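Each in structure tokens, the structures are laid out below.
In the two assemblies presented below, chain A is common to both, partnered first by chain B and then by chain C.
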Partner chain A sequence: MDLLVGVPTHNNARTVGETVQGIRVGLLKYFPRERAVILNLDAGSKDSTREVVAAASINDVQRSADLYALRTLPCISMVYGDSPATEVALRTVLAAAELLRAKACAIVSPESTNITPDWMERLLRPVHRDNFDLVTPVYRRHKFDGLLLRNLIYPMTRALYAKRVREPYGVEFAFSGRFCSHLLEMQVWDHDAGGVGTELRMTIAAIAGGFRLYQTFLGTKPHLDRTADLVAAIRQTVGTLFWSAEPNFQYWSGNRGTESVPTSGAEYDLTTEPIRVNRKRLYQLFGSGVGELEPVLKSILSPQTLEEIQAIATLSEENFRYPHELWVKTAYEFASSYHKSVINRDHIIQALAPLYRGKVYTFLVENRDASGEEVEANVEDLCLTFERLKPYLLDLWNAGE
Partner chain B sequence: MTLPQDGLWYKDAIIYQVHVRTFRDSNGDGIGDFRGLAEKLDYLQELGITALWLMPFFPSPLRDDGYDIADYRSVHPSYGTLDDFKSFLAAAHERGIRVIVEMVLNHTSDQHPWFQESRSSRDNPRRDWYVWSDTDAKYKGVRIIFLDTETSNWARDPVSKSYYWHRFFSHQPDLNYDNPEVREEMWSVMQFWLEMGVDGFRLDAVPYLIEREGTSCENLPETHAVLKELRSRVDKHFPGRMLLAEANQWPADLRPYFGNGDEFHMAFHFPVMPRMFMSVQLEDRKPIMDILQQTPAIPDQCQWCLFLRNHDELTLEMVTDIERDYMYDTYAGDKAMRLNLGIRRRLAPLLDNDRRRVELMTGMLMSLPGTPIIYYGDEIGMGDNVHLGDRNGVRTPMQWDGGWNAGFSAADPENLYSPLILNPVYGYTAVNVYSQKRSGHSLLAWMKRIISARKSTQVFGRGSIEFLHPANHRVLAYVRQLKNETVLVVNNLSSSAQAVELDLRRYKGNILVEMFGRNIFPRIGELPYLLTMGPYQFFWFRLRRI
Partner chain C sequence: MWEMIMGELDHAMQELARNFAHFLPRLLAMLIIALLGWVVASLLRVVLRAILRIVKLDRLSDNAGTTQMLNKLALPSSSELLSRVVFWVVWLGFILLGVQVLGIVGLQEYVSRFFLYLPRLFGAMFIVFFGLVAASFFSRAALLAAVNADSPSPRLLATVIRTIIVVFSVSMAFEQLGLAERTILVTFAIAFGALMLGLALAFGLGGRDLARRFLERRFLKEKEEQKHDELSPL
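Presenting the complex of A and B:
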């Protein structure tokens, strides 16, 4: 095969039909001569997801002047388990890609109803024709969307690994057969990251492995309220980031500064229409968390950092701010403590949640009336602070080694 | 011997297309002739073909290889005399070989006496035998067929100082079929040859007979009316004779040429041919299946004609732009190979001289629904010469042996009507009938066997077709059925070995008998029938209940 497109599903009957059709149109339009296959990996859907996928794939006899299939475009649907497991799904895609000797593979979320045909070109062309190994997405987001990404994952990944990858764990991405084989040989699967942690691990593996990265703009990312899943999200992302730092220490400890990644389309694009955010709740959870988790935080943080956090926790809601430098030190101290397993690692991850809420509150307040450019400047400032304080992380990491 | 004029002989026929000029020169003038062709009838009989389609052999200035006819009732002197033709015809019939003559109805040579009269004066009785206009403004937008050489369908005649219509070369003015005199005369021409004993006509360029303003001037109802009239006359006066349409159109546009069984007996299935080449290159059955599934049903007494190559360029008119680009890129990387909207190469060079692919393509030619046509020389894998101009590179002398002029002619090589193919791969010392007759494993020997297998059953020519849909899209499988006879055909379109599971539950209990070796394959049961196939391999299985 030349191209393989994976669509992992679990009860996505409402949206997956549109996604699969979008993939088909994109492949026919931009890669009419290539041997391609669509692989649906289903986690035991109880709705009609697999039937919808099959229906969207049938009828290869399409004729129009600019959309014609030279070849059969098979769509294979298989069940990989009875509950969603991102890692298992991705490993299955990797195994299939290797078996089929696919030159380029893409993963597309079944909820991407905003998919346009050119997504296939944007994701697969850099791999298939330009020899890149990993293509990560860039989305147009609301300025208050992707907060965990912008306030922690992106800046810290950037500082550690010296590559400015805006979305190191996108739900749409593409990779080369070469990188696929590398991943299958690695021990990346030892750590049970779950969820998007798997994608983050892939991005880190690509950077540390010296593979060629590319970013591609895929348009608007629908805003989704994930506040209820915050701890799970932190576990998947921050947990993965912290865990990955250990096997890749030699890589990230030796580099300084950061470099951009080749990108097609916008590197970022923000929308600013009003949305409702419960800032007060964030402030309250920060304060209560600092108080209730003091014994835990004492094990994780340095006395000075803890003291500073406790000091800002006494501020009124309108005066409360979590400065960049304090936040970066917080993150680095958590990372170091995770590395040293000062307490149970999962407890360390969970303890970050209230502090993160405080940082998010600050971000929301400071950017309430900000334009897209101003928000981006704020994020860039945070990134530079992460980079500037990287030696602090190294000192923490190496202390007592 | 007069061959029995049973109604549907053309459905069981194996047709061999040849230009008399190319086959064998009997008098040493460097040009093939009818006496030479007659000498080679034993070869053709041994090959197993049952009908000959002769390209135009009429008197002509030969500016379009004889498709520019200057006299419809004679034989070009280079090819012999009318008596020579009659002798050849009788000899062919004695061997059970029917003869189909090519008849160009749409146009004549500008050297034809009819045109010479027509152009001489506006008052000439034959003035209206051609399509004249004072301007070139009529029939705007009608496509030009010979794109590489023509810029208009009108040509200005300096003699009559007006324009005449020509859908092909400018030296081939179109006859005016709105004129009943023209229709009567062309029927008279056909009658002349039918009375002599020819078994049918391949009617060239039939879609273009009639013009009407505001149309594409193709496939018009009035054109079909003309053709139906000809057919009814053939049926009335010469029952059992056959009319074959050359109409390079999409299947849906071809369907009207069969009428209700009252127009043509046969028509070329142009669109399937490039798709066979595509499928083999893509290693995917989709192009073939798509076009055949779009092919409309035709009257029971009618028949498609299938071919891989012929005297023209491999036409890419009836494909999409994407398909055309793909064909050019994969089969005609050298732009010298491209002509008009096609590729001027022979079968073996197109398939990179890969014997397995030649066999696979021939196997599909012989087993898909229709009457197969073999282009002369393809049975031994002849090559081509794209540098000979126009389509002459696929019309070089037949290669009989490795000796003087490939055994084609005793003339000096410089006097041959065309140079021979000389290169070490396809040259006549490497590829020739004599060498291949000495080996039981040559392409020629294999062609005889597959023709024999084809003729062993009427199912290929007359049976239905049902496609199977195995998950492996590199395998094209179908079932041919006629009354109690069932044949399963499985083709591996891929350059690598393939496994395929076929759902044959409908035929449970049958055993498969492979038709070439007559060996028995396992009985069909409930489970999918597993076959493993080598690169480009194909199977023909008879189903038998024992």
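Presenting the complex of A and C:
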């Protein structure tokens, strides 16, 4: 088998048909001679997801898109459990890919109804033709979308692992058979946090393993419902990032500076249309969180950092700012406390949520009228602060060991 | 007459000397046992202190809030306190063994009772320590969940949870020690019942308006606010 495209589903009957047909069109158009398979992994959907996948016929595609298949393009649907578990789904895709000896694999979200045929080309070609090992996406986003990613995950991953991967926690991505075998062999699956953040662990594993990375622009990011809860989102991403820092310490502790990753299309694309955001609520939640969580924050943060946070918490809404340097120190002290398990690790992750809200408030205020380029410059400045203060993290990490 | 007195005195002195001669080896044996006990207890204290340092009991104790409590009572750290307790219990055990060698009638029963009581004492200490650890964990979990859910009075909620677990573990410890079992049970039942009744009355009567406002805020206003908050963190 040359290509395998995995589509993990759970109650996606409304959108999965469109997605599967989009994948099919892409494969027929750009890879007509390759042997390909679409693998739907369902988490015990209660709606008719699997039926919709089965009913999505190749004939419809051929009629509407004027395409002709040179080979059969099977679409297999299977159930891997009775509740969604990204890790199990991904592992199953990896196992299937290795079994079929697929040269290139892609994962596509079933909710990506904005999929266009060239997604398959953009995701699979760098792996299949150009021998890259992991292709991560770059999306067109609103300037206030994905703020956890832009204020913490991207800058910190970049500072630690020295690679500028824009979306280390992508919904769509592709990988090589070589990287697939590497993943199945290594211990990226044993995670305290209960199998969350697998996509981020894969990205980090690719960087630390010396695999070739590539980024590809996919257009507007599909609006997914996977991150409705902030604490859950922090657990999935920040928890995984902190956890991954331990086994990869040897790798990241020796890195200095950062390298860009080859990219096709725009490296960033931010839209600026006005959206309604309740800034006041973020400010209030930050203030109340800092006040109420003082005994918890005392265990995690250094006295000086805590004092500075408490000082900014007293500022009025108009004057409130969470400076980059203080935010970076906060993140690094949280990472170090997580490493040292000063208190329960999940409690450390949860305690970050109110502070993150304070940073988001600052980001929203500072970039209220900013253009895409100005927002990008702000994020770049934050990234550089993360890089500059990396020795601070190393000092914290090594202290008392 | 004088000779008789002198004879009796001589007899008494001889008896005393004979008794002392019988008692002296026992006393020496007791002192040796006590000294040996001191050596063993000191060694145990050093070893235990090292083990507790390795397993980072003090950090666990910090997290559990036990250290703060001990500081308030002007007591040393948990590992030091536990080492000292073990030292004294072991040494006291040896001293009592030595006392048993003296052969003082009636003392043997007390010595046996002491040794039978030791497991209960350690059991009670164990219950209190892990009760404090559990209280700290669950109260912190409640505090974080309440803060992140923007619930009112998160600290009060955390304190209530902490208090309930601490009271519960202390009452269990007393029961383990066999001290005033009934009194503790009745006190606990009354205190717990009073707390629940107080909360029921407060929410049912005094806090009706507050509860209404709280529910409105939770289920109406918050949904309204969330609609306006279109930010996705990822």
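Operating definition for what follows: the second predicted complex is superposed on the first by the 380 of 401 C-alpha atoms of A that agree within 3 Å, B and C clash if a C-alpha of one lies under 4 Å from a C-alpha of the other, contacts with A are read in each partner's own complex, and residues count from 1 in each chain.
Keep in mind that, in the parts below, a contact is a pair of C-beta atoms (placed from the backbone, for glycine too) under 8 Å apart; a residue touches a chain by one contact, two chains touch by 3 or more.
Treat the numbers as computed from the prediction; the structure is a model and nothing was measured.
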If touched residues of chain A are counted for chain B and for chain C, the larger one: C
First, second, both or neither for A:382, with chain B first and chain C second: neither
First (chain B), second (chain C), both or neither touched by A:328: neither
Touching partner for A:70 - first (chain B), second (chain C), both, neither: first
Chain B versus chain C as contact partner of A:218, first or second or both or neither: neither
Chain B versus chain C as contact partner of A:299, first or second or both or neither: second
Touching partner for A:4 - first (chain B), second (chain C), both, neither: neither
Shared chain A contacts, counted only where both chain B and chain C touch the same residue: none
Of all residues in chain A, those that touch chain C in their complex: 144-149, 169, 223, 226-227, 230-231, 233-234, 236-237, 275-278, 281, 285, 288-289, 292-293, 295-296, 299, 342-344, 347, 350-351, 353-354, 356, 360
Contacting residues of chain C [partner chain A, same complex]: 59, 62-63, 137, 140-141, 143-148, 150, 154-155, 225, 228-234
Residues of chain A defined as touching chain B within the complex: 32-33, 35, 60-61, 63, 65, 68-72, 74
Residues of chain B that touch chain A when the two form their complex: 278, 282, 284-287, 290, 293-294, 320-323, 326, 471, 473
